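Two complexes are shown next, each including chain A; its partner changes from chain B in the first to chain C in the second.
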Partner chain A sequence: MRTRIPGRSEALPTIVAAMIMRMYWGLSLDFQYPLNAAWMCPLVGLAIYLPFAFALRQASLIGDSSPWENLAARVPAPVMGLTAAGFAALLIYDAAAAAGLTAISSNILALDDVSPLLLLIPLALVVFCAVRTGACALGDSARLWLRMLPLFSVIILLVQLGNYKLGWITPILGGGIADILSGGIYCAGCMALTSLLWLLALPDRHKGGLLPWAALAAAVTSAVMFSQQMLIPTMTRTDFTIAARIDLILNNGRMTLSPQIVLDVLWFGNMLHLISAEVVAAAEYLRTILPKLPIAPLAAACALAVCGVSAASGAWVKSDPLIVLNLFAVLGAALALLLLTALLGKRGARA
Partner chain B sequence: MRQFTEFKARCAPGKLPGAILSPGHSLANYSHTDSDNGGANLNEKPNSDLLRASVSARLDESMDALRTILNAPRNEDAIFREYSAGNLRVCAVYIEGMADETKIGEFVLHALKAGGGAEDGAPPEERLRRSMLEIAQLSEVTEYAEAVQMILSGMTCLLADGAGEALMLETRNYPHRGVEKPTNELVVNGPQEAFNEHLRTNITLLRRYVQSPELICEKLYVGTGVPTQVALVYMRGVASEELVAEAKRRLMCIQSPTVMGAGEVQQLIEDRPFSLLPQMLQTERPDRAASCLTDGQIAILVENSPYALIAPATFFHLIHASDDSFLRWQYASAIRIIRVLGLLISLMLPALYIAMSVFHNQLIPMALLTSIAESRANVPFPIVVEVLFMEFSFYLLNEAGLRTPTQIGSAFGIVGALILGQTAVSASVISPILIIIIALTGLGNYVIPNYELGVGLILYRLMLIAFSAALGLYGLMIGMFLIVLHLCSIRSFGVEFFAPMSPRRRHNPDLLLRLPVWMQKRALFYAKRDSWLHQEARA
Partner chain C sequence: MKKLFAMLLALALLSGCSNHAQVENQAFLLVMGLDRAEGGGIEMSAQIPRISGNSQESADGEGNSSGYAQMSVTGSNYEEALERLDWISPRDLNPAQLKLVVLSRDLAESEDCPELIERLARTERLFTATRVVVCEGRAKDFVSTIRPTVGTRLSTDISALFEHCIGRGFTPRSRLADLYYLQNSVYCDPMVGYAVIGPQMQSGGEQSDAAQPASALSAELMELSERFESDIPMRFIGAALFRDGRMCGVLDGAQTLCANLLQNEMDSFYYNFDDVSVELIPEGSIRLRVDADGDAVALRVRGRLSLAAEEMDIDEEALLDHLNADVKAAIRATQALGVDIFGFAEAAAKRFGTIEDWVNYDWRRRYPGAELDVRLELMTSNA
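After this line comes the complex of A and B, so read on.
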């Protein structure tokens, strides 16, 4: 069965689930400079993301098809091809980072005798199946998962109700306004990366745009960070490894282990959806360059790419904060350039 | 509704429709060559030339032709009763045991004798039809193939000398099981009737529940070698025309030489035959089938099968039971929640037990952990071996209980409890807590109202056991993710498996919770938009 181009109503839950998780693990594990104020970063990121969302909307308005098709009708093919390749590479890289984190976290939780490299093999299977089944099925799966998230969240909240300490939120500004802004840019980059699937989504029953749902994702992430901050005091140590940070999150900080199973389910469920979302988006972009490529080899190639990139860094692939900080700029610039070319091209046609 | 893209691939383009016979088609029309098979001639059916021939006006020729086709007199069931009504020579041809000989005697032969003298210059078949025969249903056929098919179904063929047609008289009356109680879909409140193997009876049962002129029943034949009659039932103006057309197309694409029941039809026409879960609903209850028809689904009834196939069928159709509609909404909702929890327990409990006992001990409360450790102290096998052993034993008992005669079937309960349960624990083959795990798992499986879904979940459970035994919670989550992803990619006649929850489609508040009946007013998403049935309900 070939991968089908998703409609907007199918791409939306995939993007929202991926956005939430990407921002969450980025702020928890990758970019910790905001410290106590990390919960503000998704909201700041949303504000920074607004121009990108606007550009996405403009790209969807200049034609009747998906934003990517609308742009492709006006922008020279080599430019589109290079952009698609760039997007695919970024998505694969980020998926590889997420895969590496997933392998490490499973290593920490239970499989400490197993090499994290071997733990990438099941993820290769996940990636292969996700690309094979397609973006539409992934969207339906993400929608089901998002419906279950409130239930899990309520369980965690109720179990931990007596353990929240508001004092651990202070100082309110954490590492300072500059770090909050940097964190916001980081989050905007995460949102921009995960919303690349929207460019490929075809218009369907969903009449609204992506922005309200991106705002929801930012609000949810902010709430999760806020509650986490009240449970786990900020560590200012600079020698804290990622493994130690994952251990802190999944073992619930200093708190009781009773909700850990729910936390583990949330962690792995979200990570699998994030990895699948990014790889499926990368596969769809590759298909715009190589439309005749059969799905099975493409799925296998994506699986190998994700696991290969992840393993190449010894399964400790961590999305370099510098890369992610620049991610928003890179993606925003790419989209702006495409849009500008499309609009100029349209004007050129009129002349 | 999405395009039915998946099924297209199984019906090769250019291939003529398979063994479909509507009343106007001929059995002999399978005279096509299979171009994919190197031009091999598929017409290996005996007497195919004779089958394609038209009924002769000469009685002797027609009788000889039918004798050849029906292999009479070697085939002693085929009866040829010649008769003279005045100067009209006729011959009644029927299969003994399939046709009602009393009806033949009284309403055909006796009627012929009574009306035999009058001659008004009309053709013989016209005279017979209009004034001589007293049978209720009567039709004409011109080819031997149609005539033979109808004779084999229990009708009587009346040949008249000078008539270029054969008259087919409705005289079917063969032994069959009556309408009995359902055996697999039991309800507390609700009708206690089930389909049986007689197609006519099943259609009648549906008509009793849906007394509407818009209930359409189209009869078809499937099976290129030995045709089996199939009825496609739907409500015109409620079921989507695309759905009905697609169902017909899939039935026409069946190339199998024999189709012995509804189960085979389902496997031949469903979207993903390799998927573990069914994409059509099998029900033995006419009230359930009637409810599905009014919702806009189609029903396929197959001769000799006491089940109706309903399509499209989503996951929610498979977990709903008939008496959800008969109970008050509070009770029905509570029971549904129990059913869903049972399903989840059935699917995940053994895998979760393995994951937590082997990999995530810290998640088990200390008292329980100590108890588990003590109970397993003398068990020499790993937990996963225990679980697989108990799973296998449970389903061995289950299957044995199904196959044994009723008189000794109850003994299996005692065998299971005493030998497998108590003795295995005493012998330290398994731990006591595993008995509870497996018992809960089995109970969770039995609350699922659909048998196929229950068996599919067993297979998924084994997969999850393997994943969790290898990778703990990580493996369990990967397994669940793959299962959900696969199920989300399944379609049933173009309808997504988890619709209308995911993707979101218009529906009534009747998915997991069943809200009051008066709130169930909307036409469902797979029905025809603004159908006459639901417009009136809204009005």
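After this line comes the complex of A and C, so read on.
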């Protein structure tokens, strides 16, 4: 088993790719209240995410290991165990939602005579293999995806150049300021969830924190949402089926089908990064509770749990916007609590 | 042992390949016609390629040499008709290659149309990039006249035909996606192409029906058709306008040209003026602006055009007056129907902060009474 705790340089591309995917999926399919102002949400989310990034930075500065190990050295084990279990549960839930969406996307796009439940089996296998090959391979794959993204984006932009309608971005505030703020909190939750992998990442040759890269992910997602909203007129209907909404983003909505293959490669490729990253992180957090268990059975159990949760919900775990909206507060409070306990414990130890 | 286990696990990756689809085992739906069936329900007509070595020698039920099979079924609704079509089809029906959906005018104007468009857009494997047209008369008759006229493949022929018609400006882009998403949007209304069967190709009882033009457009087309001979029966000219998912009116070819011009769809176009056809080229985008002062709304159109052949001896001022009057007439025609197809809604929406404010403004109520100010200018060689 080659899986080991990732170094920061390996975790970084995986986290950036996963952040982009999680925010894009959320704003395109699950949390559509900001309407045509959804492109602002990742930027607002970045501002909300700043304290979380600051807390991550502080956690990495209080020791020589990963932020999680640094905290574990100073915080009582039951608290760390309880937090790890909570983090793992959230990661598995989110990965299950992503797995269900991936299976349903395949079902809608090509394999319409295959049950989405059946499609979860190869997905579990692929995720297990991705996790088994290690965080390093996952990081390399995500880095490749990030390098392809600008090239593919140029192709998509060129093909659709004549179809963009700037007027569809207006009225500029879309669903209103309150919905843009909610979308920002939603995006901050997505960024915080994917940042849980950074909490585990060991120091290596990479210098600096996560924040500049989170800013890059927010900027890319914002740009993608902006261009997408110039292709699709704002609709206030809320009863569109998931198939119709996936058709909008993967069959390129109302446009020519020529960029479909590019969109599919970006979508399915990055969905695997997101699910794998969350499974890697969930397995590592579970190891905090079960330190004697090797990582292989934990990773396999997490991959199976992801698909099991998804299958139990009929292959479609709808990512509840309310849960993701509260995610930032929950994760932020947990990290703040751990950090405060660690810092107070440190001072106490010095005294 | 590990390798064997890995190989067994890898078999799970084949789950998507269990029902692989061979091309020859598919009945690819290329053209679909939809009519209201007698006694209610939907009559669905379809053309599928025969895909056989001697397709050109095979004969259809009417004795015409064709590589395409035509089928027709009725059902109480769209899904049932599609199911029955699949049932009578010699292979699995596959709408992934569908190029054209033809709605009869009768059906497009009916209260069933919004639901039908919804169901069409939700059909599995049917990509929303497919074209939609409304035809005068029966869609079944129209579908039966569609044959590859240039080249050998119907799918390529339909795509090329539409590109040609759109390039001339007399028909809109007509995508199902535009129809479906725009009818659900908070902005302008959709339009799709309008089609008729040329009167010279109609025969027997059908001719007597078609001899009674159902609209000014078809009268214009019949008059036009009398001036030429062609064995290509279908004519795509003009646009069918939709409001709340139902067809509510027709624009003729010249009005559709103006609509395409205002939507910045034209790189260049031919314009008939004073018995001469002149080629005009838009210089930059045609800009639409909406000014509102209280309840008074003014629609403003600004743009610059140039003549492709400046050596022609043309009264440019009269040409401009004529063009501006035509554009105004096209806009007024849509105002009379209460349908904004040009994109004035997007221009008006810019002045609002949120979608809620914009929706509450009730553009539909204000558009018909809006004043018009159209100023298209001609760039001359001295400009």
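Heads up, the rule we're going with is that the second predicted complex is superposed on the first by the 349 of 351 C-alpha atoms of A that agree within 3 Å, B and C clash if a C-alpha of one lies under 4 Å from a C-alpha of the other, contacts with A are read in each partner's own complex, and residues count from 1 in each chain.
Note that contacts are C-beta pairs under 8 Å (C-beta built on N, C-alpha and C of every residue); 3 or more make two chains touch, one makes a residue touch a chain.
If you're wondering where the values come from, they're calculated on a predicted model, not measured in any experiment.
In the superposition on chain A, contact is made by A:S141 with chain B only, not with chain C.
Of the two partner chains placed by superposition, A:F226 touches none, neither chain B nor chain C. Legend: residue contacts after superposition of the two complexes on their common chain; A:K165 is shown touching chain C, with no touch to chain B.
Contacts of A:L125 after superposition: both chain B and chain C are touched.
Once the two complexes are laid over each other on the shared chain, residue contacts for A:S106 go to chain B and to chain C alike. When the two structures are aligned on the shared chain, A:G175 is found in touch with chain C, with no touch to chain B.
Using the contact criterion defined above for the overlaid structures, shared-chain residue A:R237 touches chain C, although it does not reach chain B. With both structures placed on the common chain, the touch criterion links A:D247 to chain C but leaves chain B unconnected.
When the two structures are aligned on the shared chain, A:L272 is found in touch with chain B, with no touch to chain C.
Taken together, the two structures place residues 106, 110-111, 119, 122, 125-126, 257 of chain A in contact with chain B in one case and with chain C in the other. Remark: chain C residues 9-10, 12-13, 15-16, 18-19, 121-122, 124-125, 127-129, 175, 177-178, 180-182, 184-187, 343, 346-347, 349-350, 352-359 touch chain A in the complex. Against chain A, the residues of chain B that register as touching in their complex are 6, 355-356, 359-360, 362-363, 471-475, 477-478, 481-482, 484-486, 488-489, 496, 498, 501-504. For chain A in complex with chain C, the touching residues are 35-36, 106, 108, 110-114, 118-119, 121-122, 125-126, 165, 167-168, 170-176, 232-237, 241, 243-244, 247-248, 251-257. Against chain B, the residues of chain A that register as touching in their complex are 1, 9-10, 13, 102, 105-106, 109-111, 119, 122-123, 125-126, 129-130, 133-134, 136-141, 143-145, 147, 257, 260-261, 264-265, 268-269, 272-273, 276.
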